[in-house]
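Here it is, the structure in full.
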Amino acid sequence: METLTELQWIFDVLTGCGLLWLAWSCLSSRNLHRAVVQFVSFGLLMSLAWVRLEAPDIALAEAAIGAGLTGALLMASLARLPLSGSADIRALKSAERIAGARLLQLLRNSLLFAFALFIIYAIFFLPPEFSGLREEVATEIENAGVRNPVTAVLLNFRGYDTFLELLVLLGALFGVRIVGMQPVRTSMTSEPVLNILASLLTPILILVAAYLLWIGTDGAGGAFQAGAVLGAGGVLLLLAGWRPARALMASPFRSLVLLGPLAFVFVAVLPLLSGRALLQYPPDSAGTLIVLLEIAATLSIGLTLCALFLNVSADDGEQP
Amino acid sequence: MTPTDWFTAMLLGLGTIFFIAGAVGLIRFPDTYTRLHIATKTDNVGLGLIVFGLAVQSGSWSVAGKLVLIWLLVMLAGASVAYLVANGAISRGIPVWKR
Amino acid sequence: MNALLPYTLTGVGLFCLGLHALLTHPHLLRKILAVNVMGSGVFLILVALAKRSDSPVPDPVPQALVITGIVVAVAATALALNLLLGLAASSGKAELAEDLDE
Amino acid sequence: MAPMILTLPWGVALIVMPVVGALACYLFRRAAKPLGLMTVTVTALSAAGLALRTTRADSYHHAVGGWGAPLGIELYADGLSVLMLVATAIVACAISFYAARFFDDKEQARFWPLWLLLLTAMNALFLSRDLFNMYVALELTGLAAVALTALTGSQDALSGAIRYLLATMLGSLAYLLGVVFIYHGYGTLDLAMLGQLVESNPVTWLALGLVSAGLALKTALFPLHFWLPPAHASATPPVSAALSALVVKTAFYVLLRFWLEIFPSEGAAPAQLFGLLGCAAVFWGGVQALRARRLKLLIAYSTVMQIGYLFIAFPLGILLAWHGALYLLLSHALAKAAMFLAAGNVLYYGGHDRIADLDHVAQRLPLTVAAFALAGVSIMGLPPSGGFVAKWLLIQASLDTGQWWWTVPILAGSLVAAAYVFKVVGFAFTQAEAPQEAKLVPVSMQWTALVLAVAAIALGLIAPWTLTWLDVGDPFSGAVSR
């Protein structure tokens, strides 16, 4: 047992160093394309760290959203950016040569270093025993309607946060529509392998999303992870140039992105009519209501992520 | 350690060797196409060995099934992506390595 | 205390690395990457510190907060990338100009 | 009627109504304008209902989900929150009626969903007393505000918006890291519970530093104001009005809450720093406003300056000073919205906002220039405006605490403000070198600006009533006992 914990410690240190190294090289590599790839690997390593921290829910969310969809968004944007990445580093290097700039840089770096040291110093003043809200969650989980404590916090105890968070996603979508970067519609060079892959994987991804949603009440998983997987399936279809996927993004299907927020509003306001508080589920139907909310939220999140991707992506084939 | 454990350990060790070989190849091989080749091939075999080793330990069909499903998915994705990357490289005119 | 230190320190490191890159790099895509790295650092600290007392069940609240945070981050990133693409399409540059008055 | 007013969940309505409106505007984009106007009106009525309720009874509580703190999230409104909510409602109404005329049909469909989401976010923030919930509300505010900044899609607007987005994300992350340390230090996210738990130790100092720095960046306190002028000057006028009048105040509100409830005992040195930065902001913003050649940039720098005044209250720290800061915040919200809307009229009329080329605007848009001048009176702090009451309170607070030196920037700032207001008004009467074609400005747009400006003046006349109202639920009790 002793050697196991020691091995774990070594593993943790290696993971931490790997994360720092990937972050550093992603933020300072000469080539933007490489930076994005390194960022995706960074996200994957992060989800390994989450597993080690006994946070499987976050690990799933990070792999699907943090690495997967953010990576896809970054890649798609990079393909549309006019200039390659080496220019910015070169400009930076020439600016560094000026003496005053170097002094400023030294000052800034030492300030940052002092800041980091102070954070670490403060960590040692945290109370050594920490239970946070674990006890409170444990006593109320009986009445929460679900058994996975993370899902209970997300959809019941702090469901109001989740509601606002869905609005954040929606706000991003509205904003993206405002900027109105329409995807460049060129004729697709059809890619048979991608097509086959998409048609094979999409049903599986939908199945996985449903599974994650269903398992989320008891174990790791839930609306966000499922929504992200659904979104990934949509992104795949879009990449394969699948027409119905485009049609799904158009009206009237586009109003489906409102499903999650609408379901939340409905479930939130209903208890008010019977004199209870906002989002206060009746105890015996809490589980059902949460599942309904999660289904709506999953569809909404998946479609929103797809739509966000569609707005930054250019069709393949017009890349330089 | 039971015989099953030994079996698992052997498979995991073998799988790891494949992964390491793949990583070395990725660094050492001369061009995009050969790198793709080594990376996908060793990953598929290495992951297969590891999945098999873990499936033996799991003791339940549903877990073993999920592990095998993961392997199949990775193979599917790996093969397609390798093809797509290679295709992209060709269409961009990246030359094939010649001795 | 020992077990949580690697990830907490990593989190602090990531926050500062991201901050450094955000302040130094002119290219907007890199700034967006930097903000994402900073966010990962904050999330890592939040969850890693929750494990400092030995308990079989970790505190679920930080985990839920981090999931919320990840979704917020991807929303902000998508908006930022869109603005960046719009700016690049109209100005041909992916950096910020300095002069305002005119 | 009275008991009904006391029992209805007004606070919840303030959050749910605009959400429903935003969704409806997105769904039925043809009808976005009437739907939006209706929603804003109903939301304003809810704010009035909540205000009535708090004056009759006491502060407002609502445990969302029925769990209560620390497990759940609680909504809470005392005099401070209600005043912010009412100010938001009034300014939002004016901006909405203005926007209904200002935008064309295509822009209407884009404007309303985001504008209503922004309204939701601000209301949610003013009602929240949970630190993480405040983070989500701040992010929603920031994202919606950034998207609205980019509404015109011009290059300036996009570049201003992305700078704004990066600044607001950085501010939020610093705030969140501070909240992380608070949670790990004290095990709760509820503001009221924290007030009783907080001790003076490095964890608290770190959290204080991170939260204050992040929120100062979001409030655009000098020298962290770099993002504000480009964003506020390049956005379309109704949006600029919302950004300057309301959005920057949200971060200030959160900072004030932290300061009043969690950090009152940590005060001395950081408070002095805030005061000094505030003075610097007054001078820097004033000078830059004087130098600006475009009207909207001038008004944006004037916002940087006025934000400086808010921070002078921190070193004073007595009830009078907080009242002064709050009063300044309110009168600035009204006056600044009036100024930006007036600038919008000028822009609509002549197609540009170069100050030197304003061509007989005073004769052609008399209501607009009157609105600008009246708003200027409040910004300068002349009696009987709201700005005058605010500055009077701040000066009296600095004399009462024996820190007379703070009166210097307060008074000098007024002179600078007078200089830039007169600069604009002066050019408004003269003829421009190049005559230009003009577009007729709808009367309702002119009147909206004027009504807001008159409200800013009238705020000075109802000061005693407003100030008692501000003390419902004793929001300042924590900080004043120091």
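As written, the chains take the letters A, B, C and D, and residue 1 is the first residue of each chain.
Keep this in mind: contacts are C-beta pairs under 8 Å (C-beta built on N, C-alpha and C of every residue); 3 or more make two chains touch, one makes a residue touch a chain.
Source: prediction; values computed, not measured.
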Most remote chain, CA-based centroid, reference being subunit D: B
Chain pair showing more contacts of the two, A-C and C-D: A-C
Centre distance in Å when subunit B and subunit C are each reduced to the mean of their C-alpha atoms: 32
Chain centre separation in whole Å, for subunit C relative to subunit A (CA means): 12
Gap in Å, rounded to a whole number, between the CA centres of subunit D and subunit B: 57
Centre distance in Å when subunit C and subunit D are each reduced to the mean of their C-alpha atoms: 27
Numbers and ranges of subunit C residues touching at least 2 other chains: 15, 19, 32, 49-50, 62, 65, 68, 72, 75-76, 79, 83-84, 86
Junction residues of subunit D - those touching two or more other chains: 132, 136, 139, 143, 146-147, 150, 153, 158, 183-184
Chains that touch, pairwise: A-B, A-C, A-D, C-D
Subunit D-touching residues of subunit C, taken from the complex the two chains share: 15, 19, 22, 28, 31-32, 35, 38-39, 42, 45-46, 49-50, 62, 65, 68-69, 72, 75-76, 79-80, 83-84, 86-87, 90-91, 96-97, 100-102
Subunit D residues touching subunit A - in the complex, by the definition given at the top: 9, 12, 16, 19-20, 22-23, 26-27, 62-67, 70-73, 75, 110, 113-114, 117, 120-121, 124, 132-133, 136-137, 139-140, 143-144, 146-148, 150-151, 153, 158, 181, 183-185, 187-188, 201-203, 205-206
Subunit A-touching residues of subunit B, taken from the complex the two chains share: 73, 76-77, 80, 83-84, 87
For the subunit A and subunit C complex, residues of the former touching the latter: 5, 8-9, 12-13, 15-17, 19-20, 23-24, 26-28, 32, 35-36, 39, 42-43, 46, 49-50, 52-55, 57-58, 61-62, 65-66, 69-70, 73-74, 77-78, 80-83, 85, 87-88, 91-92, 105, 108-109, 112-113, 115-116, 119-120, 123, 126, 128-134, 137-138, 149-150, 152-154, 158, 161-162, 165, 168-169, 171-172, 175-176, 179-181, 222, 224, 301, 305, 308-309, 311-312
Interface residues, subunit C side, partner subunit A - complex: 1-3, 6-10, 12-21, 23-27, 29-30, 32-34, 36-37, 40, 43-44, 47-53, 55, 57-68, 70-79, 81-86, 88-89, 92-95
